[in-house]
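Quick one: the structure is below, and I'll ask about it shortly.
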Amino acid sequence: MLEVFIFATLNGLVTGFLLFMLASGLTLIFSMMGVLNFAHASFYMLGAYFAYSLSLYFGFWTGLIFAPLIVGTLGALVERYGLRKVHASGHVAELVFTFGLAFLIEESIQFFWGRDTKNYQTPDLLDFPLFTLFGQEFSAYRGFMMAISIGIFIALYYVLTKSRVGIIIQAAITHPQTVSNLGHNVPLIFMGVFGVGTALAGLAGVIAGPVLTTFPGMATVLGSIVFVIVIIGGLGSLAGAFIASLLIGLLQSYAIASDVGMPDLLSLLGISFDRGHPLNDLWTMNLPQIAPVLPYLLLVLVLIFRPTGLLGKREE
Amino acid sequence: MMALLKKSSIWIAFLIALLGLPLLFDSILAISILNQMAIAIVFALSYNMLLGQGGMLSFGHAVYFGLGGFLSVHALMLIEYETMVFSILWIPLIGGLFGLLAGIFIGSFSTRKAGTVFAMISLGIGELIAASSLIFSSFFGGEAGISGDRTFGPTFFGFDFAQNIEIYYVAAVWAFIATLFMWLFTQTPAGRMANAVRDNPERAEFIGYSSRKVRFISFCASGMFAGIAGGLFALNYEFITEENLNAATSGRVLLMAYIGGLGYFIGPIIGAVVLTLMNSLLSNYSELWMLYLGIMFLLTVMFLPRGFAGFIMMHQLAWVRGNMKMLIKPYIITGIPALLFALCAIALIEMSHTEDEVFHYLGFALNPASPVTWIVILAIAGGAFYAVKRSFNQLNDAWETANAIPKEEES
Amino acid sequence: MKKIQFFTRLSSPLRKLMAVTGLASLLVLNSTSSAQEPVRIAFMDPLSGTFASVGNTGKTILEFAVDYFYNSKGGILGGRMIEVVPLDNKQSPNETQLQFRRAISEEIQIIFQGNSSAVANTLNQTISRHNRRNPGQEVLQINYSAVDPILTEDNCSFWHFRFDAHANMKLNILTDYIAADPNIKSMYIIGQDYSFGQVVSDTTIKLLNEKRPDIEIVGNEFHPIGQVKDFTPYVTKIVSSGADAVITGNFGADMVSLARSIIDSGLDIPIYTFYAAYDGITATLGESGKGKIRLIHNGVANPLPTEERKQFNRDFKIAHPNNDITQPRIVNALQMVVKAMEETQSTDPYDIALALEDMRFTTLGGEEIWMRGEDHQIFQQLSISVHTDEGVEFDADNSGYGLVTEYQVPLEETIVESSCQMRRPRR
Amino acid sequence: MALLSLKDVTKNFGITEIIRGVSLDIVEGEKHAIIGPNGAGKSTLFHLISGRYNVSAGSIHFKEQQIENKPPYEIARMGLARSFQVTNIFQRMSVFENIRCALFWSKGYGYSFWHLLGRQTELNDEAMHVLEQIGLADKAKFPSGELAYAEQRALELGVAVASGAELIMLDEPVAGMSHSEAENAVELIRKITEGKTLIMVEHDMNIVFDVADRISVLVYGEIIATDKPKNIRANPKVQEAYLGEAHNA
């Protein structure tokens, strides 16, 4: 059981850190601009595809550096020429815009790259097991993913707390009105944050592509989970997003690793049902089966009992 | 009497249109599309009750549609096995009832707040119910769904509802009734307070209304009408699957209502009609139709923020002033090159995608391999773009003149 | 009153518009008019959306085969061309219903469909209902790939023919193969949480219990379809269970992700699958999957048995360099349907159905296959092939890797009983 | 007997005490003004009475019923109406609808979804009557969000008084208006609050002394004096704390 636990923790952390790379950008965008960016995970997918194409010609490392830059530029352009125009029509319009954008990005990817899964491979340099524990390998690439994510976290933390720009952004997250009153160039900040946020998502895509499979559905798989994280973490709180990312990563990982379910609970209580019982599906449900919906359950519970999220500083 | 007739003339026209359309478009496909439209209209209107009138952005509205549909199919099965015997005409009522029950249950905790909190709860609930529908397969039938047969109930004046056209008339009548009631709802104190709470929930409390309760009432009513739409779906297709309550369906209804125009009662109707048509017809012509749909959608959000209905209503002023004819010519002058540009763009996209040697487009055979084709189409597109750009200012001027306040009205 | 076919003639105003804009000068006018009305068959599968790559490949194969065997040789039934009408059902039961109505609206009476048993079941029910209510306008379902046994068992229909071996037939052979391997002492079953995944799980457990009671089922896992980001947590459980082999019914991205996670974890055990090839999967698995991934399928893989079959593959590759013959059973189905039409000189589904019953047919690969009349299930040899790059004449995804057959079972041994009680229409 | 009675009302946000033990009785029919320097807590006091904020301690009675910490809608239903310092109307609805909505509860419609508004002649006439009173009858169909500022303020007043509440609380009703607009507004206030109890917060001393029967002076969360206008003017404490300052400014 111990090895299952250790690996479940490692896997949970890898997923959690990856989710944080997406959630950090989304929190920044969401808190500052009030835009629920539905297309955020699509930028993640774009990152994977650009990196794949770059890796075919220049190798993995070039993709690692340039794909996020391309994605970030695209993001900034989308903000400048799309979102800003829609901004005047209100939040629902912005949201519907990103909704359509997500749809369009997915279709465009199918148009340019085709619909089948892409053979985007981990670099040879990292193609070895980092360590072997109880007969199971932990690949160096996963270690690398974790290192990059933690690096990003530290860098983000440093920039946001120590630099001037960071302090303005911090202020803009919690008090967006005040900052614009102070005479800062808010549109430029928005464009920058949107660009950086999408670039982070792109970077997440670059490093996740080889292990999580590069295919046109990869955005959909992650899309709403990232939302859930931002909301659970609480508006305006990067720390909240960080905690929520790890929480959800670990929660799902442990749920899959566990083997408990209703049958265990029932037998513990000494109750039994035969297979013909109308609620048989309920009595045979187990935790791994419902692992993917746990984040949503958590979301609903958090919102009912603590509408500001775990570390949220403000509502709406 | 005349006043009443005048007031209800638009409703009579609506009913005549609903019942008359199958006489005009009588192919099997057309009936199928009309059926979809009737369902989509009710569903989109019910969504507008939430978002357009009540200010509640929901990402999980399909839940009520789907639950209504599932219960309706179960009701069909009960009729089939003669556990209960009643005419299938009442099936949408069952859908509505369960939509209402689901609305009461979920609304009891989700309507406390509007805005992001509400939106996110609706997203979470939607995902939870969609996922549980796959887990509880004895009720929801897993990914294949459940199916019934609508012909086993008592016949209605000799009709057994085997044919889709018969069901269309059932759906049309129900769609009419539901639309009428949804409109009437907007004319009641509860409906008006829903608008008030949308605009300013705080102030609503100071004139004696609990915002939460106002939202709750709209929410339940909206769930009920979504359930009726689900019941109509069940009658039409005689089956229902998990797809009908998942996020994609919720997203589609949001698009319909939004593209049509949230601020107007007729908006979602337009949205439902347009999207259903596009969904059914575009896919006939190109496998890239989803790409076009995405582009069109983004353009709509960017340039017609109040939807199609908003675009039409924009002309109200010019119409009232009798200046519409001033706009016709500029519209044509800008419209034709714009259309040409769009057609060229489509040609280029299709040509870069096709693997065929000859690409048939609008009755022409194009050669995608030849640079000449590309250059010519690009040139036409460029010319068209230039023409649009040049004529756009004239259009703008014409618009200004048409809407300008005449001298004597200025005070 | 003039009947308005508005919905199908939408393009004519546009056509006129193009004509007046002067484009006509440089373009050749299109002329596809033929003397006789074509025989129209629908190909209904996902052509857009997540699952589109499989559907589009199938469409390409069908269209190529139609051209290769018939249209280029003067058509069928004395000069009638075959026209393939693609209908995009997005692999959704809902959309299937809509597309079915489109098909009957265009008076199409033969529908090829393969992907997803849920869709096949919906279509089967819809067709039965439609045929019962509209005598004289019947529609025939040519199922080339949906393998839920129920389609030729409890839910069998006179109007449905299956040209692929169903899951239980395949599992019967696969478990024979596993049972013959003394190294396998324990087995891990993992699959998508839906009907096919459950069939694979239930049947595997049942058959292995009969054939090798000593093999321990150390895991029986279902995961939600298309929602798993990362399969590593599942693989952790496989590793810790100490399984000697894995069996899975996964397809698409779920298949690739699972296989790669297993291989990445350093686990060197065989993975038995149904759908782990083509459409990018073979290329993605590449070197790492070599010798580990095995597939059960009907017909043959490398080496292809006859020169005709090889030539067909080569010609296909020339016409469609980026596609592969992933499902030769589409070709078999087409050939058998056409044979039935020629035999009866009719395109009426009822006549075709009668002629198809108990038809024996020699495929391009030289094997004889049999459509059983009692349940409309095809029987042909089944193969187990391995993912490798050695001895691969026809690779997949242009990757150099492909399938090489390791084990074959002749038609007679694949026959299983059916519980089908078919309701036959009266004419 | 006091219509509204505050007893030792206290409100703190975190550790900051904004209202520090306010006691005040408002007699039925009086016109009462609350004045005080910026940040004295006038608006907070309004929010406490009308139910927007919960009190930290103390009690508020309206018509001899305890109302502190009740939700705003329950207080409003008892006959206490208020306006806001920042215009707070239903922006996307027409002027007429704004007034009509304000009338619903007092006319007994509640949450009804079975009354068709087109047929409620009495209600509609009443709404038109209010519109005439506030001088917006000719703009009845106008979207309220597009009214001029002074008109919006008038509508704000209209929404507050439409329900026929016995106690009306106006938070800086003439703030931001030009001199002539303010004069009109004062006339309007006089007209529509006739025979009712009024509490208002206002900065313009001329208006306060013109309208009010009694004045309370709130400084740093405490009422330092409540008296007739002329006594307040003469009160040295008030002069020191507030008026002098204001006059010098």
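Should a chain be cited, it is by its letter among A, B, C and D, assigned in written order, with residues numbered from 1 in that chain.
Methods note: a residue touches a chain if its C-beta (ideal position, glycine included) is under 8 Å from a C-beta of that chain, and two chains touch if they have at least 3 such contacts.
Here the structure is a predicted model, which is why all the values come from computation and not from measurement.
A.B. asks: After chain B is dropped from the contact network, which chains belong to the same connected group?
C.D. replies: Without chain B, the chains split into A, C | D.
A.B. asks: Can you name the chain that lies farthest from chain A, using the mean of each chain's Cα atoms as its centre?
C.D. replies: Between chain A and the rest, the longest centre separation is with D.
A.B. asks: Distance-wise, how many Å sit between the C-alpha centres of chain B and chain C, to the nearest whole number?
C.D. replies: 35
A.B. asks: List the centre-to-centre spacing of chain B and chain D in whole Å, with centres computed as mean CA coordinates.
C.D. replies: Centres of chain B and chain D (C-alpha means) sit 44 Å apart.
A.B. asks: Between chain C and chain D, what is the separation of their C-alpha centroids in Å?
C.D. replies: Each chain reduced to its C-alpha mean, chain C and chain D end up 74 Å apart.
A.B. asks: Which chain C residues sit where two or more other chains touch them?
C.D. replies: Each of 48, 52, 56, 193, 224 in chain C touches at least two other chains.
A.B. asks: If I count partner chains per residue in chain B, which residues reach a count of at least 2?
C.D. replies: In chain B, 131, 135, 288, 290 touch at least two other chains.
A.B. asks: What chain pairs are in touch here?
C.D. replies: All touching pairs, sorted by chain label, are A-B, A-C, B-C, B-D.
A.B. asks: So in the complex, which bits of chain A are touching chain C?
C.D. replies: The contact residues of chain A facing chain C are 3-4, 7-8, 11-12, 14-15, 110, 114-119, 121, 129, 132, 134-137, 139, 141-142, 211-213, 215-218, 220-222, 225, 252-253, 256-257, 288-289, 292.
A.B. asks: So in the complex, the part of chain A that touches chain B is made up of which residues?
C.D. replies: Going through chain A, the ones touching chain B are 36, 82, 85-86, 88-89, 92-93, 95-97, 99-101, 103-104, 107-108, 110-111, 224, 227-228, 231, 235, 278, 280-282, 285, 289-290, 292-293, 296-297, 299-300, 303-304, 307, 315-316.
A.B. asks: In their shared complex, at which residues does chain D touch chain B?
C.D. replies: 50-52, 71-73, 76-77, 81-82, 84, 88-93, 97, 100-102, 104-106, 109-118, 159, 162-163
A.B. asks: If we count contacts the way the header does, which residues on chain B are in touch with chain A in the complex?
C.D. replies: Going by the criterion above, the answer is residues 51, 57, 109, 112-113, 115-117, 119-121, 123-125, 127-128, 131-132, 135-139, 247, 251, 254-255, 258, 262, 288, 290-291, 293-295, 297-298, 301-302, 305-306, 349, 353.
A.B. asks: Contact residues on chain B for chain C in the complex?
C.D. replies: For this pair, the touching residues of chain B are 24-33, 36, 131, 134-135, 142-145, 147, 149, 151, 162-164, 237-239, 241, 243-244, 280-281, 283-285, 287-290, 339-340, 343, 355, 358, 360, 362-366, 372-373, 376, 380.
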